Amino acid sequence: MPRRQEWELTLSISVFEAARPVFTGLIVAAMVVVGAFVGHWAHGAWLNDHTPVQPIEFSHEVHAGENEIPCQYCHAWADRSASAGVPSVETCVGCHKGLAEVRDRPEIEKLFGYWERGEGIPWVKVHDTPDFVHFRHKPHIRAGVECQTCHGPVEAMARVTRRVDINEDLRMPWCIDCHTEEQVANGRDCLTCHY
Amino acid sequence: MSKITDTLRQYRADGYFAEFDYHWTMAIDLDQCTGCGACVVACQAENNLPIVGEKRMRQGREMKWLRVERYWEGDYPDARLSFIPILCQQCDKAPCEIACPVFATYHNQDGLNAQVYNRCIGTRTCAVYCPYEVRFFNWFTYTWDEPLEQQLNPDVTVREKGVMEKCTFCVQRINRAKDLARDEGRRVADGEVQPACAQSCPTDAIVFGDRNDTDSAVSRKMRDPRAYEVLKELNTAPSVVYLKNAREPLHAADGGGHHDGANAQAAEPRAAAAEPRMVEAESAVT
Amino acid sequence: MVSRRDIFKYAAGGGVGVGVGLLLGEVNQRPLETLLSTHIPPEDFSPGIDTWYNTLCRMCPAGCGISVKVREGRAKKIEGNASHPVSRGGACALGQASLNALYNPDRLRSPMRADGEGGFIPASWDEAFDELSARLGALQAAGMGRRVWVLTGGALGSGEEALSRFSEALGANLLRLALDTTANEQAAAKAIYGFEGLPHYDIASADLVVSFGADFLGSWRSPIAYAKAYGEFRQGANGRRGHLAQIEPRMSLTGANADEWLPARPGTEGALALALAAEMLRRGRGGEDVANWGGLSGAMSLAGAAEQADIPLARVEALAERLAAAETPLVLGGGAAGAGTRGAAALSAVAALNRVLGAPGGTVRPNLGHAASYASVPDIEAFASQAASGNVSLVLLAGVDPAHDLPDSLGIRRALERAELVVSLDSFINDSASQADWVLATDSFLETWGDDISSPGAGSLTVTLQQPVQERLFDTLSITDIVLRLAARLGGAVAQALPHADAQAFTRAEWARVWQSLGLNGDFNERFRLAQQNGVWDAPLAEGMADTISPEVPPPPAAPGSEFAGGESEYPFVLHPFVTQGFREGQGANLPWIQELPDPLTSVVYGSWAEVNPATAEQLGLGMGDLVEIESPAGKLSVPVVVHPGVRPDVIAMPLGHGHRGNGRYAKGRGANAASLLAAQSDSATGALAWAATRVALKALGKRGRLTRTGGLSRTLGRQILGPGGEH
Amino acid sequence: MSSVLRKQMFDHGPPSYAEVNRDVINALTTTTWRYWLTLGISASVALLFFIAPWIYQIIVGVGAAGMNRNAMWGTYLSNFIFWIGLSHSGTLLSAVLHITQSDWRKSIYRSAEAMTLFSLMTAALFVMVHVGRLWFVHWTFPVPNPMELWPNFRSPLMFDVMAILTYLTASSVFIYMGSLPDFAAVRDASKGLRRRIYAVLCFGWRGTAQEWHTLGWSYTFFAVLVIPLAVSVHSIVSWDFAMSTVPGLHQTIFAPYFVCGAIYSGTAGIVTVMWMLRRYMGFGRYIGKLHIDNLSKLLLVLSLIWTYINICELFTAWYADTSFENEAILYRIWEGPFWWLWWEMIAFCAFVPLLLFSRRIRQNWNLMLVISIVINIGMLTERFVIVASSLPRKFLPDVFGTYFPSLVEISITVGSFAVFTTLFLLFVKIFPAVSIYEVKETLAPLRKREASA
């Protein structure tokens, strides 16, 4: 069709010539946006600090892993309360008094330091949800959810880390998916977690 | 098409909530309510309501999910005052629910009119649509003077600026009760869960319970001949039922002639005409 | 088409984008929160789970049992103790707001010493005790214990016991101060019922309640107990709805809930009651026990009384009809009605009416447990004159704020200025403390031990145990602790009188003592543990312990009208000060929740006001919120007016408890102090302060005051808000 | 259209083709210091009075505005409606006139449509200003997300979002398409960078028959599409109010009321803009008596309809005689603090326009400027009165209150006009403010006749 070609011709002459910088600009802009998303994701995936340094270099690998101490021996309230709770210094010392062979290790020294000063240990939260979410441990334990489902293989962690690959950084889509699959009663009602 | 119209037709028709596990309802007996305000403070304490301060109060920005309204009748010496506590009526046909563009407010399966703080974007449409004016907006991010913040209830979110908030029958208590009941594999028993207001009420004027359970205390109250709903004419199907004060009419002696509706309308606007000046002036002071 | 240069550009763009993304991620990263572990957890510590403690509310003398919700070692919420015979699960606004006192930003965190320029500087307890014990020791050695004055409130229980023993051993003077005392009612009870202490009124089982000024739903005696009873009185199980008539010049909360409100002229209630009593006798309502009263010669005729009280005779007669017909009637008297210069007589007349109606033994029963003996106006004036003549060396203010709560005309403020050393035991720098040399920071009642004899103890001796629900927030001590430590340091007689280590030990010892004195058998330790659990010890009394109503008493005295300070010509209005549930006499003013709680009748928040009848307002050209100057023989103040039809045209009503000079940011400088208007009038019989016997003049200042109301238009405009038909 | 009328289009006689090109393109190319001054002023005003207070409000919270428990909506919403209203004549009018083939439209429609575009943008801005959490406003868009959260399609506000976005898209496409040939004209008349830019803007328009044909029918198609759209938009805006239960807002008549009011204020707006173009852009030759006369007639008709609807509203309220309606009306026109604003609006929008019965006034540009501005002031207050006098008094008298706009609100309201002006000033330098080719269309027959004569 001659006219059609003519049409294309005219376009190629006038527009694309003139518009080239514009198009380049547009593409670059698009690249910036795409890049931003990639960067943000990358940060969340790798650069975000999932394994904060704790005041005492406590190893779950040793306690939960090798010595097979059950989670709820220390986090005693998980099956009773909203929060699992961290053990009191007393609990730690209770065992470590009897463990003379490790008594002189620097980390243990730190522990007894807290004990003698009569202070609590300011552990850093690894798994944290926003304040407008009321996550309650008890119902989840009751429903037979393994600790590892959300916290990852803690027993294999020297320093506890938030396994984003496992728990999607504890974000809402992940909660919803599970609640949907397990057909939790009112599991998709906002008021179940947000109030 | 017919399917759609059908669903629309039976949407929130009577008994729409009967199928749900609970239908939380409150009955307030105005014959027992003395207007003392214990419920108001109880609500403030339980739900982390901010202390807004005098300035904000003057601007009409108080935060009271539950308020006691007062209405005068007659003139001295035959004057009479009546109190009526107004809180979110958890309407089954709530005007606010259709209004929210982002579903921050919706009706949940327990007949509660939910408010999801973290979803709210603050168009304030729900509050405008609410005929009971029981929705409150966080005009600012309110703070607590140290150490007052240590009193805050850990079970309730502290709201940030730009968010709408309101009463949800102390849903944190309801969730807790349901949780316990679930442990023991039973339903929540009548009277097991009480909102802060009902629990503190010194005259037991406020009764709370499940309407689906026909012999719960609240169901019994609802069957009382004195039971009525505020602004029923708006067809909002509230879940708060009031029991009319049983005092004899103020002017029983002289036949109570000038207090039936029509004349009252003729008579009252004068009172209305008198007071707006006051309201005006008040806010002029601010 | 696409050149290499372009590719580079794209790549660059992408790079920049990634950078931006990383930055964003860094910015909206979640902040790290720490999770502080406990060192040695208390055995009942459990994160995320509520712990409930039953203890005692100390915000008013009623002594309600409360349950406090504690979470992670902090008190979070106060509810009524359901197993407590007085509160029965109810809690009032003030009681719940007491958390604001515990966590108040202006609460003292350590002992404070005056720096001489009107300010205060923190000090240590040792310094405080050193100076105090030195001073007291010196006085004691010089045998000048009488120059020490201990000022305290009307509460009962072991805390007060410690104080009185302390001052006794020291030879000091002890004054129990309050604006609205129970003296007149005790006198009336003694005269007409013939027993010591206060009566217990059974509102629940009454079918007719006639109240002369007693705001039992708002602030009178034990609001929660009476409110509970009122609930049953209205919609009780018995299916019978009681009738409530309120006789008072200004509609109180009770008046607002009454079936009929009779605005009687102030000071005439007694005469009206007596006239009604005579009428009842005439109708043969009286029983054997009042046979010796004859026709009550002292009483006026109904018509006369109605005339004097300025109430239509028809309404009074209608009331008489109801009284005569009532099966279980109950007449209450209190508040302003019993606070005139003839208060005791008026309350006796009310009691007489009860007696004629046969209420005693039925709806009126003896209240088991003693009642506080308050300082009379003469006592206070004695203190003032002693101070004036420089004979007061040391004043110990034990949790009272007389400089605010009591009228200036009594001269307490001046006395505090003249005293050599003033020590205030309080949690706040209140009006009195600001005049002190030392302010010893005290615990909140939620942090320490104690107990109180709850009123009214319904049919048994109700002792409520107060125990700490959380560890102390700050470096504070309870009044009892302070007294005990002082005693220990002073040694000698004082130490012997109070040998106990701390409040806990003392409280326990006191209970043991009472246990023995009552001759109760059983395991005391077990009993005490139970009391700690339930928060209350409800002891059925041994035989003969209970006071009884004496079978026959002499007829009541005539009840002449109250005399008012100030001539009617220059002070045309009667001032009607009233106590509100939230503020009481000033205790609630520093609690933000109370300041923000709209007043039930006027919906005023933050600040005080004067209530004026519409007719009066019209006369003076006053509108809602206009500022007026109120002047009495004793003083003057300016305050905005609230116009409403619930007050007599010849009466100006003002709430008490506002207008603090100190007491923290929430109380300071808010509203005006009605007490400062009161003249030093006293009851002719008991010498109790007649706080409702002052006349005032009103002057419009022609400008608007700071009146903040939450309410808009208080008329239904014919809308069916209060129920179908608009009537109720 | 008769040649007589065509003549009337040009007060100083029809220009030649060349003149048209020259005049219009000069307006684009030659920029005086006056222009820069005005642009500078309006831009800085927008910055100081709109952006700055807005940022402040975002920081402290919406409490910076005067709204309170009773009046949860305030000037922000009333301004939003005002601007939407203002947007309503441009595109609508131009579309209607295009379909009815009234030639006199041709020299004014371009800037009229521009007005639509920019007032819509300003309105959209006010939505942003209004909401409490601006940073989450994107939740109103139906974006699929793993949380399975959706906007609420039952909400009148959602209708709004949709309607306004559609209207914005449609009218921007409409105006752009209409100006393709003119871009080409500018391209041909200019060189250098401007040439490149306009080459892009005109999509390489060459004026082949094919192109003209395509343009013709698609333009008409859009015109037809835009008309119902415009009507629906303002009906939906009115439903934000009418769907509530609030006495004074819950009115069945609101949809037509708002649509009519919108076109009314919009037309007045056009008159104002026309005056500006004549005065400052030197288009006196193309915008003449005929236009002002027709616009004024339109204004007159609209004002009459508007008045009629107002009377209906009052009458039905009075006839219903419920406490709610009575109080609302009484408060609005007599007892409330804004009673005088109501009377002002009646005076400005119902009585002033009656002057337009006189031809002399209709054709007096300066008088018309005044009247048009007065009308829009009236319409601005109308929206304010509706909001500010209904919300403070709903159903429960004990929570009756009052509402007064705060300084922030007032300044943002003022600033919004500067925002609009700035946008428009930018427009006149990018778009040919008068349609070159359509003006020429009207010239063609005239010139023929002259040639034959």
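Each chain gets a letter, A, B, C and D, in the order it is written, and its residues are counted from 1.
As a working rule, a residue touches a chain if its C-beta (ideal position, glycine included) is under 8 Å from a C-beta of that chain, and two chains touch if they have at least 3 such contacts.
The model shown is predicted, which means the values in this text are computed figures rather than measured ones.
Here the largest set of C-beta contact pairs joins the chains B-C.
If each chain is reduced to the centroid of its CA atoms, subunit A and subunit D end up 50 Å from each other.
Rounded to whole angstrom, the centroid-to-centroid distance between subunit B and subunit D, based on C-alpha atoms, equals 42 Å.
Centre-to-centre spacing of subunit C and subunit D amounts to 64 Å, using the average Cα coordinate of each chain. In subunit C, 48, 603, 711-718, 721 are the positions where the chain touches two or more neighbouring chains simultaneously. Shown for subunit D are the residues in touch with two or more other chains, namely 70, 323, 327, 395-401. For subunit B, the set of residues that touch two or more other chains comprises 60, 62, 67, 69-71, 119, 231, 265, 268-269, 272, 276, 279. Chain contacts in this assembly form a complete graph, since each chain touches every other chain. Residues 29-32, 34-38, 40-42, 44-46, 51-52, 54, 57-58, 60, 62, 64, 67-77, 79-84, 145-154, 196, 199-205, 226, 228, 230-233, 242, 244-250, 256, 259-262, 264-265, 267-269, 271-272, 275-279, 281-282, 285 of subunit B touch subunit C in their complex. Within the complex formed with subunit A, the subunit D residues making contact are 145-148, 195-197, 199-200, 203-204, 206, 208, 210.
Those residues of subunit B whose C-beta lies close enough to touch subunit D in the complex are 56, 59-62, 67, 69-71, 86, 95, 98-103, 119-125, 127-129, 131-133, 135-141, 161-164, 231, 234, 265, 268-269, 272-273, 276, 279-280, 283. Contact residues on subunit C toward subunit B in their complex (touch as defined above): 48, 71-72, 74-80, 89-93, 96-97, 99-100, 102-105, 217-218, 223-224, 227-228, 230-231, 234-235, 241, 251, 253-254, 256-257, 259, 261, 263, 473, 581-582, 592-598, 600-601, 603, 605-607, 613-615, 623-625, 644-649, 665, 670, 704, 706-718, 720-728.
If you check the complex, the residues on subunit A that touch subunit C are 24, 27-44, 47-49, 52, 77, 80-83, 85-90, 114-115, 118-125, 128, 130, 136-137.
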